[in-house]
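One chain, subunit A, links the two complexes that follow: it is found with subunit B in the first and with subunit C in the second.
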Partner chain A sequence: MGWLANLVSTGTLSQVLVGLSRTTILFIVSSGLTLILGVLRIPNVAHGSLYMLGAFSAYTVISLLGGGLSAFLAALVIAPMIVAAFGFVLERGFFSYLYDREHLMLLLLTFSFALIIGDLVKIVWGSEYRSVTVPEFFQGSAEIFGLPIPYYNLFLLLIGPFIAVFLWLVINRTKMGKIARAAAVDAEMVSAVGINVGWVFAFTFVLGCFLAGLGGALIAPMVNISLGMDHSLIMEAFLIVIMGGLGNIWGALLGSLIFGLTQSLGILIWPQFGIVFPYLAVVVVLFFRPKGLLSPTW
Partner chain B sequence: MKPIGAFLAGVVMVFCMAASGVAGDTIKVGLVDTYTGPATTFTNDVLDGFKLAVEKINAKGGVLGRKIEYVTRDDKFKPDIGLTMAKELILKENVDILMGTINSATALAVSDLCKKEKIPFLVTFSKSDKITGEKGHRYVFSMNENTEMVGRAAATVLARKPYVKYWIAGDDYEYGHAIANGVFEHLKSMNPKVQLLGQSWWKVGETDFTPYITQILAAKPDFVIVATGGAGMVNFQKAAQSTGFHKRVPFYQHTAIELSTLMPQGPNAPEGVYGTANYLFYYPDSKENKAFADEFRKAYNRYPKSGALYGYLAAEFIAKSFEKSGKIDREKFIDAMEGMTLDSPVGKLEMRACDHQVLLPVFFGVTKKSPQYEFLVAGDIVSVPAKEYMPSCEEIVKARAR
Partner chain C sequence: MKKTHVAFFLLLAALCSLPLFLPRFYTYIAAIVLLTALLATSLNLAIGYGGIYQFHHAVFYGIGAYGTALMLTRTPMPAALGLLVGPLASALLSLVMGVICIRLSKLYFGMLQISLGSLVWATVYRWYSFTGGDDGIHGIPLPDRIATPDGAYYYTLAVTALCFFAMHRIVGSPFGKALQGIRDNPVRSSAIGVHVKAHQLVALVIAGFFGGVAGSLFVVVNNSVFPDMMFWTFSLEVLIMCLLGGMYTFFGPLAGASILVLLRVFVSVYTQYWSLLLGAILTLVIIFLPDGVLGYAVRRFRPVEGRRA
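And now, the complex of A and B:
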């Protein structure tokens, strides 16, 4: 019963908070992925690479502006914009020509872009590790029952709900969002009533890329910005999207919560095998709800 | 009839070249390594260190009147591609020597091939102790430390410290387990008082270490052995910095004090982290090391990291061994290589005859701020000489008999 004692120890609260801050990053990235998946029907394997691009762009913006809090906040806006602009070129220049083809073609194209973006990043930024310092404002940590919670993680905790509300507003309260939702259900019908579906698709894709870039910019101060940082994330993001229900943004939120919390609490219960808990959760969820927790838009 | 005569002469020449086994009048070295993706942070230094030494050797007229020539192949961090590339280099490029691979699985596969083809293979960067241990043979040499050596070297220093309750944690793959268990097992045998409080393992490529750190803090160990590799080194140190982990519990990471880990973090890396390294461009503060670091910096506009030493050593050993054997002959090359010593930036180094492992000192130090550089450096450096920590030749023989 040692694990039970671990779970009701003083460490639980800090572990939950840390898990929730992880959820923020996972949600931001996987909501972008699921948005593109739901509306455009593209399983975007390059989404992780766009996240990496966001992190590298944030690095460049912060170093160009000389560091500090203002540079960091500027990077949180500019880096996702760079990724979004890149996404716009991708969608208009490549993907838009393939919507009539089979999905396999789109999947292959996204896969090739994952490789191309990886090499582009290497050409532009080189293979050395890059690192962004946590802005002084967020340095250090708060203490909860004697255990540290970095201020930056608390900042992430605040950002998460903001993004969720922002997405809700965009999708439910803007015309573009409403059309995108309609297009997700029946793109042909939407174009039949005289709406240019192409631009709806472009808008959605760009928004998805913006979110990937934002995730990358937010994670930048916490990690080593390096080639390969895309690989592990894209796996997790896809699992979350599948667990939540394909194309369903709230499913992505739910999936991220489950993933983030099972990870941090799993570590508390059984540190040696903490790694398996999120994946175990995926298996359990899919066993009982093979189509995901919430209704997929597919 | 002239064209036919020229053609026949050409055919004869080709046959002669093929028969001699050594094409042309150069020494040809083939490098198989990962030149795309994350591992390039380390492999580029190996290549550049090698190039630097080769250019110097060639400028002085080469070896036995021949220039050293090299060809590179990218294995994309995949053992099957690495093996194919190695085969191609041996069969089509007729290389005299193979070197490379940061991926231990590739190194072992290529090593096996080289044993069959009787081609000397100089391993640069792969850290598996099997390469010169259990799976070692006449044709394979290692230019760098391995997990077993790190474990023993770090344990000799940690055994003198007063800590009792240890926690081990690391990347959940062979390297992580080999380093963490290596350090702890040897520590346990040197200081029976130490005990293992618990362990945590995370997936390779983990980005957020905060939940692991808070859990370890809650368990209250005296000391933590952290076995991360590659990009995880910096990720863990950043998490330590933001949680203040290193101020609450001291921890050790192999390569924590290396440039590849500290430079990207600039002045904000955590202070007081224990680590080991094979090469530091500012230590030892000797004429030889300074000259090497300056030359490297002049050529490539960056400080050399440990890979640069391995690449440099490979080139020097190749040149010296061929010189000693007096002709370009692979078997004679190996005989010459066994037991050879050479001067290096880190002092005199020996290629041990019994296992073909270069005997390197291991530097144990602790991260600290530097007035001179924009990044943290190692302080309180203890140089652990090879004879203090290397597994004995008897142990190697026993491992190979298994």
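And now, the complex of A and C:
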């Protein structure tokens, strides 16, 4: 019953809050992935590499601007833009010609992009660790229920819902979002009524890449920015997307919550095998709901 | 067909004579090529012939290797039994995972399999007291006859040849034909009375078993096992081998595996940017040769009436 004692200890709450701030990153990255998968039907394995590119770009922007809060906030805008521009080139250069290929081919094509981007990052930034210090504004921690929670984690907790609402507005309240949703269901019909579906797809892909870059920039102060940070994340993001329902933004949010919380609580309950809990959660969810928790777009 | 048989035996004879003139290191590489070819061909049974999205095949390779390694290091059983237990464990795992995943199709199947496979990987990776955790197991004791590099090579060659023969028979059997029918049109196959899911499940178990055999061969050749063997990136690499050689040909994955393993050995001498090259090759193959190198050769050089689907 040791694990039960662990679970009700005071550490649980702080573990939950840390898990929730990690959930924010997972949500931002996997919402981009689910958008691309839902609308363009591309299982984008390179999404994790774009996230890594975002983190490295944020490092460069911050060190070029000399650090501080303004440099950090600038990096949160510029790094995702760099990644989005990169995504635009990928979409126009390759994917726009290959939409009718089967999933397996697209999966392997994006895997090959992941390999290429991984080595390009190695060529540009070298293979050493990079790190970004948390800006002074976010240093220190708040006392919540008598537990210290770093300000930066609180910032992440605030930004998650903000992104979710923003995405909901883009998808449901803008013309572009409505067209993208229609194209997800029947791209041929959308083009038949005179809409250039190619540009809608490009917009969606670039938005997804922007989110991947934003996730990378946000995680930058919390971890060592290193090669290989793409591999662990992309698998988690894919499982979240499948668990939540393909193409469903709220599904991505729900999936991220489940994944982030089982991850942080799992390690608390059973330190040695804690890392298996999120995978177990995915298996259980897919066993009972084969198409994911919420309805997929296709 | 006769010509293929002659070519096959010529290839076998050439492979038999390799250790006579190759240095030790290249004999080792040749053995790795053989067992990787076996691994890729076993995956092709599921994905090329069965049309099942087997995304995490490396798990069966890894379990075959770990099963064998654990039997050899932790039990006093004869080595032959250990070499058999590994592949059987893979087949069993394949059955269990297959029963769970088979209800789903295509992308969902693949992702659930990756999830289950990651579960297995994470367990092996963390269970230090039993599997050695991320260090793996090293210095696995082997019988004297297959402990030398030449012995290991000939053992690998014999087993691989036997497995290729068996898989070729399976693909050509009524079961194999039914499987290909399911791949091309599951609805029609089911309408004429073929039990779709049962056929696919059997195909998964067979693929898992031969993947496990490749894993047990890895133990013989490399004398060690480590959890990276069953990480999902390796599964995608094996998929690349199938794609590169050609998924709809029997010997395509063999060609793909040989190209990739040899290329990696020779290119790594000159550059550390192997992934960049691999990614570039893969991109070109997907865009220009979607049916693979061997598939392209078959299409290009066979007269029209001799073509097979």
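The working rule: the second predicted complex is superposed on the first by the 292 of 298 C-alpha atoms of A that agree within 3 Å, B and C clash if a C-alpha of one lies under 4 Å from a C-alpha of the other, contacts with A are read in each partner's own complex, and residues count from 1 in each chain.
One rule holds in what follows: a contact is a pair of C-beta atoms (placed from the backbone, for glycine too) under 8 Å apart; a residue touches a chain by one contact, two chains touch by 3 or more.
Only a predicted model underlies this, so the values are computations on that prediction, with no experimental measurement involved.
**Student:** Which chain makes contact with more of the residues of subunit A, subunit B or else subunit C?
**Tutor:** Counted on subunit A, the partner with more touching residues turns out to be B.
**Student:** Just subunit B (first), just subunit C (second), both, or neither: which does A:V124 touch?
**Tutor:** In the superposition, A:V124 touches no partner, neither subunit B nor subunit C.
**Student:** By the touch definition at the top of the document, which applies to A:A142: first (subunit B), second (subunit C), both, or neither?
**Tutor:** In the superposed model, A:A142 contacts neither subunit B nor subunit C.
**Student:** Is A:V284 in contact with subunit B, with subunit C, with both, or with neither (first, second, both, neither)?
**Tutor:** It touches nothing on subunit B or subunit C.
**Student:** Which holds for A:G19: it touches subunit B only (first), subunit C only (second), both, or neither?
**Tutor:** first
**Student:** Please work out whether A:I219 is in contact with subunit B alone, subunit C alone, both, or neither, and reply first, second, both or neither.
**Tutor:** The first partner, subunit B, only.
**Student:** Check whether A:F273 is in contact with subunit B, with subunit C, with both or with neither, and answer first, second, both or neither.
**Tutor:** both
**Student:** Is A:L98 in contact with subunit B, with subunit C, with both, or with neither (first, second, both, neither)?
**Tutor:** So A:L98 only meets subunit C here.
**Student:** Pick one for A:L109: touches subunit B only (first), subunit C only (second), both, or neither.
**Tutor:** second
**Student:** Quick one: is A:G228 in contact with subunit B, with subunit C, with both, or with neither? Answer first, second, both or neither.
**Tutor:** After superposing on A, A:G228 lies in contact with subunit B but is clear of subunit C.
**Student:** Take the contacts of subunit A with subunit B and those with subunit C, and give the residues found in both.
**Tutor:** Of subunit A, residues 118-119, 122, 231, 272-273, 275 contact subunit B in one complex and subunit C in the other.
**Student:** Write out the stretch or stretches of subunit A touching subunit B in their complex.
**Tutor:** 9-11, 14-15, 18-19, 21-22, 25, 118-119, 122, 127-131, 133-134, 139-141, 147-153, 219, 221-224, 226-229, 231-233, 263-264, 267-268, 271-275
**Student:** Please name which positions on subunit B make contact with subunit A in the complex.
**Tutor:** Interface residues on subunit B, with respect to subunit A: 36-38, 40-41, 44, 169, 172, 198-208, 210-219, 230-235, 238-239, 241-245, 248, 260, 263-266, 268.
**Student:** What does subunit A use to touch subunit C in their complex?
**Tutor:** Residues of subunit A touching subunit C: 43, 45, 94, 97-98, 101, 103-105, 108-109, 111-116, 118-120, 122-123, 231, 235, 238-239, 242, 246, 272-273, 275-276, 279-280, 282-283, 286-287, 290-291.
**Student:** Could you pull out which subunit C residues touch subunit A in their complex?
**Tutor:** Residues 47, 53, 100, 103-104, 106-108, 111-112, 114-116, 118-119, 122-123, 125-128, 232-233, 236, 239-240, 243, 272-273, 275-276, 278-280, 282-283, 286-287, 290 of subunit C touch subunit A in their complex.
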